[in-house]
Amino acid sequence: MKLIKKTIPLAIVFVFGILTLLTYYVPHKHSVDFLETMNKWENIVTAFAFFLGLISLFYAHSTKISRKADGWGYSLFVFVGFLAIIIPAYISKGKNMNGAELTWMGWAFQYIYNPLSATMFAVLAFYIVSTAYKSFRIKSLQAFVLFVAAMFLILGNVPLGQIIWDKMLGWTGYNISQVVDWIMHVPAVAGKRGIMIGISIGAVVTALKIIFGIERQYLGKD
Amino acid sequence: MIKHKVFLTLFLSLSAVCGLFAAKPAPAAKKAASLPPAAVLGGVTAADMPYDVGGAVLLRWAVNPSDTPATTYTVYASSLQAGGWVEAESFASTAKTGKDIDLPFWAWDGSASEHAVKIELTNFFGEIKDGDVFHFKVAALENGKLVAESLPLDASTTSNWFRLDRLNNVVMLLLVTIVFFWAVSHAKRKGLFIRRIAGLDAIDEAIGRATEMGKPIYYVPGIGDMTMVSTIASTFILGEVAKKVAQYDTTIKVPHYNPVVMTVSKEVVKQAFLEAGRPDSFREDINQFISSDQFSYAASVDGMISREKPAACFFMGYFMAESLLLAEVGATTGAIQIAGTDSESQLPFFFTACDYTLIGEELYAAGAYLSKDPMLQSALKAQDFGKLVVMISVALGVILTAVGALMKWGAFTQTIADLFKAY
Amino acid sequence: MLKDKLNAVLKIDRRWIFLALTVVLFGAIIHPLGLLSKNIARDTQNAYEFMDKIPAGSFILLDLDYDPSTAPELSPQAMAVARHAFRNNLRVGVVTYSAGATGLIEQLFAVVPGEFKKEYGKDYVILPYQPNAVAVMTQMASDLYGIYDKDKDGKDTRSMPVMKGIQNYKNISLVVCIAGTSITDIWVAYVGDKYNVPFIAGVTAISQPGYGPYLQKKQMRGLLGGMKGAAEYEHLIKTPGKGSSGIDALSLAHVMVAALIIVSNIAMVILKYL
Amino acid sequence: MSHTVLIAGAWISAGLTIFLFSFLYKDNPFFKIAEHLYLGAGMGWWCQIYFGVLQEKVWTPLTHHEWLVLLPALLGLSLITQFIPKISWLSRYGFTFLMGYGSGLAIPAGLATDFINQIGGTIQPFANLAGMTAFTLFNSVLMAVGVICVLIYFFFSLEHKGAIKKVSNVGIYFLMIYFGAAFGNTVMARFSLLYGRFDSLYTFSGKQYLYATQVILIAMVTYFILHGFLTRNKADQDEEAA
């Protein structure tokens, strides 16, 4: 039992890990074909994983409805929303446009899915403003540095900010876009690079741990 | 005979140069036009392009010092025994020298004194098998008029077995692997020193507060999939948090974006409750699947947070634009917020909106810090070693390159540049 | 007393801030202020000048690749560039490689050509969406009718006056790509460098800094960045539009953010140290 | 598409937009409806995409007798065994494949783009030392120093005290500049999006859309006023009762 429950899964990680790793160094046709096949496989497995999620979602909301739990009425809208996309997609055979004509699916995308996701994304603008007011506190020299860099970028990106800069700091002889350019290309790059290098090493070491089966917490016990 | 013609070409090119300098190019051009065409362009070789999947051929021939700016070369290719020529490449005489082939010094001996042209045959002939023979010829043109042409050459392509140009990557990988195994096999029982990580000390405080207030804890593992390091680190921290939650007997909720991560998290939380001696408190609905759509996930989690007003929110893992959507709503409810992510574009938002933030690699180190597992801690050693390599490389590289540039050792600085370039 | 007031200011309900932002943005949409910077970015200026020097009757290719999420920034750019082209009597071919852009392109060309009394088929043509950009770009080097033999409605393009004498890149005076995707890089790598076609791009503000190297090497003749680029271009062609009103709205909102940060911090300092 | 359908679309679109925005005022039933609708719609959207993937990559090959695709299909199906506790361990086969594949890809790519190239990018400006002005030289040195300081900040096996603490503090300043710059730079993109939403609301407020925006907005405000009024009455009653 241990063999099929633990050893084989670990062997799968090892074999696929090493083979995929090698494709980077082996340019041969076989290696390219192998990687292509693996990409396809990954696509297929992820697609099934999606249905795992879909089933969980449906299960959770249908139990809510059947038990008449708190706010079960809202759960009905989960199914309404799902059908509002799936039925048009079925009718239009997955096509958004039929020539220049919007299909039913195109319609569902443009008037249901898109406003929802775009609005949620746009809510961020409000939260940026409230963070600016509520959380952006200069409590230390470090926070002050963050504040100064943010100020330059915020003002430097819009014409009104440039006008304000010219009025107040024009005497320095520097244009704000020069300052912004310098921040973006020198110190900010250094900060970002440091983070990126650290992350890449961490990622490599973690990947090694997984391939060699040292990190196996994701398998669970027994 | 051939020599004679080459001489003639040389002479012609020279006269063209003179014409240019004299700012009266017209007569020279006329002369060229009136002369017999096609001298033979000698010394052209054609061979398989190394280190690739196949389907490309490399042509090389010496740069003709007497070429003028008006000289261009055209390379023809054909799959037929006779005729069937296709124009594969056309370029100025100053372009496409050995230096322009983008390969490092250990894999390619490029010099500016020869032309080197890579021809992607698949662009012209579609699918190509190893060993298919193709024919090539190179023509030199002066103001669009043919002045010399090579004899047809044969070459076939092969699929190669090693990217020699990626040798630096291999060496780096071996180095990291060796250090990694050394560190792991020398893992000390008593554990190693790990520096303080500010956000992690606050975890106890946050859980304690939740217990006092009798409110739940939200643990958001982000929108990464299970192969992402940040997600793996996040499930580790989740395990430690869940253990403490079980000990204090408070409630925790983990909303999920990725079904696979949810599966793993279930195991992790169950295990944590078991280890804390409270398997009876474990409930299946601690881990909930929400949505695999980024913003509907964010909208839903926002809704949940604002309704349940948790005492503490953890945002650990991979996040995109939804970072601030979550953190700001959490802040509105007055929860203690601890975040950690390796997506550098979102760090600024967590940093401003949360009480504590684990920056990039700190998130990876958190698992080792919390669990005090000797294996994990020694893996951190390997990471530190990697950073040491970078620091030394940068410092030495900067100094050596600067010295090389000052002394005008072109080849030397090129060598260093090649070492630190990914091909 | 002052301290109590300041405390109240700091603890203000964030919904007032949301309301202020709404008023600022909506106000600028309904009633543009016409603030525009005097200093036009060099890259925008270059794009404008290059376009302006193209002789009348030349053919330009306009690649529009934005979807609803990047449209606020990119559609004003596209509109300004199209206006400029029509005003200078250039012939325009429109292509796209994003399925999501097709509807937006229709919207745009339902409005702009009419302003200059331009006719479909004679002065401009909209070519159909193609999924594989690289294949199309390579094909257009030899014969663009290999792919674009029909327009979006399935009409034969060869017989259209707008396409007269257009065979491949050699007959195209300029490619303008306004995109929120990485297609811009593909144009540079596969076309600009290889076939020496002049290239101008329009991109979102957030991706703009990444294109510095292309500009430096003249692989791009000009670049419009975000709403600001659109507003600047509108200023140059002297036709204010969505870009100008947009940049008003953004200007005010940005200054509002800056002001909020400063006000809250001054209040905090006074509370703490005075 | 007929005109009526498009107007209906405008009303739905404007309605959903305003419902989601209403969360900014406070949680309310309309937001909850939009939120749940979005849950379903989001999953629906991805469902048709993944359905297409399975059709193209599993079904079509199977009809052409390419049996190899059964293997990944089985790996995928094994994930679904999650719902049957007795054989849920089978799902390990599916995600160990994903883990192996992901790790194998991550290692060399991480080494190339984020490791080797970043070192190279820091060193490379110095190759052109002769052509540098004092300012560009300063910039390049600053960048190299910055990278080293940030890396020292991320050193875990060293205690941060004395000289190391000082250097890692310098590293923090570089991180702060990056955070500030990234924050400021993102503001633009977010406001553009919000502007886009407002602009479409403005479009839908036109006569040809039968004033969708205004009507829905007024209805929402009325709801909030009435709701506030009624709950306050209720709260008063509760107080009285107490």
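Lettered A, B, C and D in written order, each chain numbered from 1.
What we mean here is this: contacts are C-beta pairs under 8 Å (C-beta built on N, C-alpha and C of every residue); 3 or more make two chains touch, one makes a residue touch a chain.
Quick caveat: nothing in here was measured; it's all calculated off a predicted structure.
Shared contacts of subunit B and subunit D, meaning chains that touch the two of them, come down to A. Taking the CA centroid of subunit C as reference, the farthest chain centroid is that of B.
For chain pairs A-D and A-C, the one joined by more C-beta pairs in contact is A-D. Separating the centre of subunit A from that of subunit D, both taken as means of CA atoms, is a distance of 4 Å. A straight line joining the Cα centres of subunit C and subunit D is 24 Å long.
One finds 29 Å separating the Cα centroids of subunit B and subunit C.
Chain contacts: subunit D has residues 20, 23-24, 32, 34-35, 38-39, 41-43, 45-46, 79, 82, 94-95, 98-99, 101-103, 106-108, 111, 113, 115, 119, 122, 144, 147, 151, 154, 175, 178-180, 182-183, 185-188, 191, 193-194, 196 touching two or more partner chains. Looking at subunit A, residues 24-25, 46, 49-50, 52-53, 57, 102, 110, 114, 116-118, 120-121, 123-126, 128, 130, 134, 136, 146-147, 150-151, 154, 157-158, 184-185, 192, 195-199, 201, 203-204, 206-208, 210, 218-219 sit in touch with two or more other chains.
Counting partner chains per residue, subunit B has residues 166, 169, 173, 176, 225-226, 229, 259-260, 263-264, 290-293, 295-296, 299, 344, 347-349, 351-352, 359-361, 365, 383, 386-387, 390 touching two or more of them.
Here the chains touching each other pair up as A-B, A-C, A-D, B-D, C-D. Residues 15, 18, 21-22, 25-26, 29-30, 68-69, 71-73, 204-206, 209, 226-227, 242, 246, 249-250, 253-254, 257 of subunit C touch subunit D in their complex. Considering their complex, residues 51-54, 130, 159-163, 166, 169-170, 173, 176-177, 180, 184, 225-226, 229, 232-233, 235-236, 239, 256, 258-260, 262-264, 267-268, 270-271, 288-296, 298-299, 321, 324-325, 328-329, 331, 342, 344, 347-349, 351-353, 359-361, 364-365, 375, 379, 382-383, 386-387, 390 of subunit B touch subunit A. On the side of subunit B, the complex with subunit D involves touching residues 166, 168-169, 172-173, 176, 192-196, 225-229, 259-260, 263-264, 290-293, 295-297, 299-300, 302-303, 306-307, 344-345, 347-349, 351-352, 359-362, 365, 380-381, 383-384, 386-387, 390-391, 393-395, 397-398, 401-402, 404-406, 408, 413, 416-417, 420-422. The touching residues of subunit D, counted against subunit A in their complex, run 1, 5, 8-10, 12-14, 16-17, 20-21, 23-24, 32-48, 50, 52-54, 57-58, 68-69, 71-73, 75-77, 79-80, 82-83, 89, 92-111, 113-115, 118-119, 121-122, 139, 142-147, 149-151, 153-154, 171-188, 190-191, 193-194, 196-197, 200.
Residues 96-97, 99-100, 102, 106, 110, 114, 117-118, 121, 125-126, 128-130, 132-134, 136-138, 147, 150-151, 154-155, 157-164, 175, 177, 184-185 of subunit A touch subunit C in their complex.
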